[in-house]
Each structure stands twice: as structure tokens, then as C-alpha cells.
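We call the chains A, B and C, going by the order they appear; numbering starts again at 1 in every chain.
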Amino acid sequence: MSAAATHTVTPLTRPGGSPFHRIGWHCRHNPKRELWLAWWTTVVFYQLFFVVFFVITRTQPPPNPGWDTPRVVQWFHNHHNGLLIGFAIMFVITGMTAASNALIAYSMRRMSVSPAFGYSYLVLYSLSAVPGMLLLCLVLTVGALRPDRDPELIQWLYDFAFLSFSGTMGVFLIGSLVWMAAILIDKHGVLPKWFGYLNLCNALTEVVVAPAWIFHRGVFAWNGLICWWINMVVFGIYTGAFIVLLRQMIQREDFGTGPLPDLATTKELDRSGDAAVAR
Amino acid sequence: MTDLAGAGSPPHDVDGRLAAKDGDKTAKFVPGQPDMWAFVLFETLIFTGYFSVYLFQRAQHPESFLHAQNQLDLRIGVVNTIVLLASSWSVARCVEAARAGAFRQASRNAFLTVVFALVFLASKVCEWVLQIHRGNGITSSEFFTYYFFLTGIHFLHLLIGFVVLGVVIYQLRSPARRSQNLIETGATYWHTVDFLWVLIFALLYVVR
Amino acid sequence: MSDIGINDAHGAESGRPALRRIDGELILWWTLPAVAIIWASAFVLFPGFTPPMSPTMSAEQVASFYRDPHNLSRIRASMILFNWFCVGLIPVLILIVMQIRRMAHRTPIFSYCMLGCVAGGPTLFLTANICWLLAGFRPERSPELTQMFNDLAWITFTSQVPFLIAQSVILALAIYVDDQPRPVFPRWVAHFNLLVAAALVPAAFVALSLSGPLAWDGALSFWLKNIAIAVWIVVMGAVLGQAIRRERADYRQRVEQDVPV
């Protein structure tokens, strides 16, 4: 790939005109279209995830583990339609997580570190979707499927769902540490060091959530102030940060094998390139 | 043996301090990577969140918290605090020595820091075992839930600190690798570990 | 294993062809017909598929289905077969990943996406399989429990199509973006994959009703989904075989040309 990238490429004029025309042009000619496709898929996925979990199914913020069995059955009854429809949507779109993982693995490939980091991350996060999210969707769907099921079984399904969702810690813990190590050792400056440290914060949230497996009430329960609310704030900041940083990485990408140029340089080159062609 | 500082020291800038190897202009404003300071700030914010929750819960049930707190031995807490403060002192000496180019001395101070940290680690584990033997586990009372959680999460930061000290020592060992920036970054992290402990000590042991 | 990002399509420009190792790929390809036959046999063997069990069966009916000694041995045999071989198509899926690598892409993003999907699909099939085996392990247990395991198995089996949909969409996009005079896969394969992805979507909505076309024994969730998967396996198998054979012919040609160096 490096041999092909050393010869100069004439800058392409970006067209004006209607948004559809421009998007169509980018889909056909932009050399970074694959990266942008992955990035937009990630953004769309997280938006849909938020809508499904927080609005349609209302499984986040999570309900109380301390409820007694009749109250849990009542919760299923109240959320019946939302659960079935919302999770059906998840059963169609979960594959989009592959794009997010691919883009992050790509960021590690662009770094000066061994490809082992990217592959490790890809494997870890690819298998994280099943226990860490799909189990909840699947189990709550089965719970809502037959409202006349034995209440004890419904409570078991309720516990299984929420504990598997919040309590699947290892994959995200190790995955974040892998990305952190790659960023801190990287000499190409693909992602800033502060984001490497933010990965550590994200990994630590996976440790902080461990008491959720022990407590039914209070701040350390799966819906508690410490195990859910503070953790969600950290996770939200983390996700927002990496979406923005990956966007910048794509903008800076020069398909070379050395350090990534920083954003100011890239924007100048783009502007001077456009000006040269316009003349 | 010839003075290592004379043989391998990088150029000094006008102030007589080592020019930052990474050429980072902002290194003159904060020691070490500014990214580490951002991390420190963020972690402190999160811990402040935990402390606020603890204080709020404590205000709700003052008697039960007080009763449980009496089970803690203040002396062990004081000793732990002194040990960590000493480790902060030794890591600061290490940074100063590295700045002056005295890398052997810096290495010694870094190892001293590790020793202090191990003392803290051992004492913490002993204290936990003691409390559990007395019947105070993580689920036995609300205070002890917070106790084990806060000291546990701090302990984890301490373990990460060992990795950081390892990086610092690795940097000091070979002239090819000495990055003042990285050493200062490591020291910043270590000071944070100490700082967080002082807060935890104040909250759990002292405030009654 | 060579770095997954190095793109063979640009190899010719640098003067020296970057020959990737392709030994053994035909052997892996032949696992496809073998696994397909085993899957088809297990599918027919399982009494719950022929005909598909109805979600409207009561707990007692489900329990008696699993307790019937005639059924039980067939359930266990077919599910054990599935347990052995449900991940059997992974090598073939990886062969597809290898072909995506050969396409004229600037980045390995599509092959990474595909890798991610390959990990997810068989895991879910395995989960469903375990639930069926559990249901059949102690048939004398409470009918409610047996029904719950049966539900878990069926819902997992039917609704866990997201990675299959993503696989097909990614493959289609990768083919559309493969800008070379002789693309690795012909264009119609991309259209076909999009069609298959669309055919799999209704199965995600299986839990919305216990009877009718969307239920797990219905026309959309059972027949359309499983037929779509079967057709995909057959078509992709053939197309993949063609692509591999062509690559091997090209490889032999390049090796012959390279000899004087």
C-alpha cells in the first residue's frame, strides 16, 4: 500500500449543488468513503441505541432490582409493547456495531504499534455484543412473550437480563485497556494521549460496576447512583469523545505509514489544493 | 565511575532546566504531559462524586455510620497516610534528580517510592483481613460497604501506580530513553494517588 | 499470517506482485458442502422443525413433546450434531473475508466489519442450540421450565439475524465499492445479498405475535428466513468457489511470469 501512496494524487474538486448531488459524488469519488461509511454507521447506531433503550423499551435507566415478584411482573406488563418492538429493532441493527469496532481497529492499525492490538480489540468487542447487549434483548423479549408465565420465572429472566447487561465487564475492561495501551505507545499521534487515559477511566467503570452482582438496593445496585448513573456519565463522555476523535482521524488520514498530520495542516492543504485547481 | 550526568545529559535551556525531549511547548506551563493533568482532573471529579454520595448517605444515618467507624483503627490510617506522603516526597526527589541529570540518584528515589508503596499495600491488605475476621465484610453494614469500595478503588489506582513507576524506572535506566516529560507525567499520577488517599483518610477515618 | 490490510489489488502497480498465500483454501471451501449436508440432515432430524413447533403450544404440550421418547432421541441427536457443526461455516465466511481483502479498497475496513459479524452469528446459533439441549436434558422437570427453555431457544434461533443481515449488507457494499476492471465478485452478487438481507429482516420481529406469518413457525420468520439462508449458502458457495479458482489460476500465471527474476 505504501508504494502506491507515494505518487502524488491530483486533488479532486468537490462539487457544489444540492445535498443529494454532493452525497452521491462523495459516495462515488471520495477516497475516504469507506471510513466515512463506518463512521456514519457508528453515529447512527448510537442514536438508535439511545432511542431504543431509553425511549421505546425504557430499560435504561434500569428498573429496581429490589422489587418483589408481583412488582416485576407489573413492570413487564407496563412495558410489554415497548419491549417487543424496541428489541425487534435491535435484532435488525446490532450488526452495525461491526462498523464501530472496525473503525477503532483501523485506528490502531494506523498507529505505530503492532497489528496485534487492533486484532485483539476486534475479537474482544465482536464477541462482547452477545453477552453484553443481545442477551438482555433476547431474555426480556422471552419474558414479555408470555405474560401468564410463572412469576418466579419472570423474575429470573428479569435478573438474568439486567445483570448480564450491566455485569458483563471483562470484555469492555480488557478491550479498553488494549486501546489505551496502543494509544499511549503510539508514535504516529493518531489519537491524543488524554483519550488514552480516558480509556482507563472507562475500564475503571467496569470495575466499579462489580458490586451490582452483590447488592439489591442502594447506590451499588444495578440501577444505583454509583453503579449506573455515575458510570453512565463516564461512558457517555467516553463515547462522545471517541466519535469526535475518530472523525478528526478520518479528516487527517493521509493513507501513509508515518505520523498522521494534524488537523490544521490537513485543512490548509485541502484549501490550497482547491485553490490550485480553481485557478 | 564517571558522573552519568556529565556523560549523558541532554542540552540545558536558558533556565538551566532540561529542555523537554518531546519539544512540547506547553511543558513549560505544567510539568509532564498536560493530558495526564486532564486525566487527574477527571478522576478527581469522579471521586468527588463518590465522596458526595458517601457524605449524603452518612448524613442520613449518622449513628450507624459512627458506630461502624469506631471499628476502624485510626493509628493504621495515620501510618498509611505518612507512608504515602513519604512516597510522594521520594518521587518528587526523583523528578528533581532527573532534572539535574543525576539519574542514579533518581533511580534510587524511584525504587524507594516503590518500597513505600509496597508497605502501604501490605498494610492495607492486613487491615482488610483484620476487619473481615472481626465480621465486618462488604455486606455487613453500609459504612463498611463504602469503606471497602473506596479503599478498594484506591487500591486499584495504587496498583496502576506500580505500572507507572515501572515506566518511570524503565525510562531512568537507559540514557537512550530518558524523557523528562514522561518521568514528570508519572510523578503527577503518583501524587494524585497520594492526594486521593488523604481525602479518603479524612472522610473514612477522621470525620466522625 | 500477513497483515490483513495489505491490498493485493495495488500489488501490480509496485512492480512486484504481492502474492498472498492461498494454499489450502480449496480444502476449506470443500467444508461448505460437507457442513451444508450435515446441517440439512440435522434440520430434518429435529422433530421441532418438521413441522415447526407452534408458539401457541401450552406448557403441558411442550413438556410432553420433550418427554415423548420417540422425539427425545431425535432431539438430542440433531442438537448434538448442530452443536458440533454450528460453527462449521466460519472457515467459509473467513474465505469471503479473504476475497474482500482482494477488492480494490483503500482501507481494510470492510474486511474488519465482516470479521466482526462472523464472530457474532454462530455464537447466537450455539446459544439457541444449548437451550434446546437443556430443554431436553431433564424432560421430567416442571413444564413451565421446559417451556421457558424452549422459548429461549426458538426466539434466539429466529430473531438473531442481525449479524447475518450485517454480513450481507457489508458484502454488498464492499462489492459496489470494488472499483477494478475485473471485480472479485460480479455485481449481481451484491444485489442478491441485499435481497437476502431484506428477506431476513421480518424474522427479527418474531416476538410480536404467537401466530401468523411473523410467529416463529410462520411463513416469514421460519420459512422465508431459513430458505433465504439456505439459498445464500448455496449461491455464495458457488460464487466463492469460482473466485477462489480464478485467483489460483492468476497466481499460477504470476508465478510462471516471475521465474526469470
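Just so we're on the same page, a residue touches a chain if its C-beta (ideal position, glycine included) is under 8 Å from a C-beta of that chain, and two chains touch if they have at least 3 such contacts.
On a predicted model such as this, the values are computed, not experimentally measured, just so you know.
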Given chain A and chain C, the chains that contact each of them: none
Chain of greatest Cα-centre distance to chain C: B
Most heavily contacting chain pair (counted by C-beta pairs in contact): A-C
Length of the line joining the C-alpha centres of chain A and chain C, rounded to whole Å: 24
Approximate Å spacing (C-alpha centroids) for the pair chain A, chain B: 32
Length of the line joining the C-alpha centres of chain B and chain C, rounded to whole Å: 51
Parts of chain C lying in touch with chain A, wherever the complex brings them together: 3-7, 10, 13-14, 55, 105-110, 112-117, 119-120, 123-124, 127, 144-145, 147-148, 151-152, 155-156, 159-167, 169-170, 173, 177, 201, 204-208, 210
In the complex with chain A, residue positions of chain B that touch it: 33-36, 38-39, 42-43, 46, 49-50, 53, 57, 138-139, 142, 145, 149, 153, 156, 160
Complex contact set, residues of chain A against chain B: 192-194, 196-198, 200-201, 204, 207-208, 211, 214-215, 218-220, 225-226, 230, 234
Chain A residues touching chain C - in the complex, by the definition given at the top: 1, 3-4, 31-35, 37-38, 84-85, 87-99, 101-103, 105-106, 109, 115, 119, 122-123, 125-127, 129-130, 134, 138-139, 141-142, 144-146, 149-150, 153, 157, 255
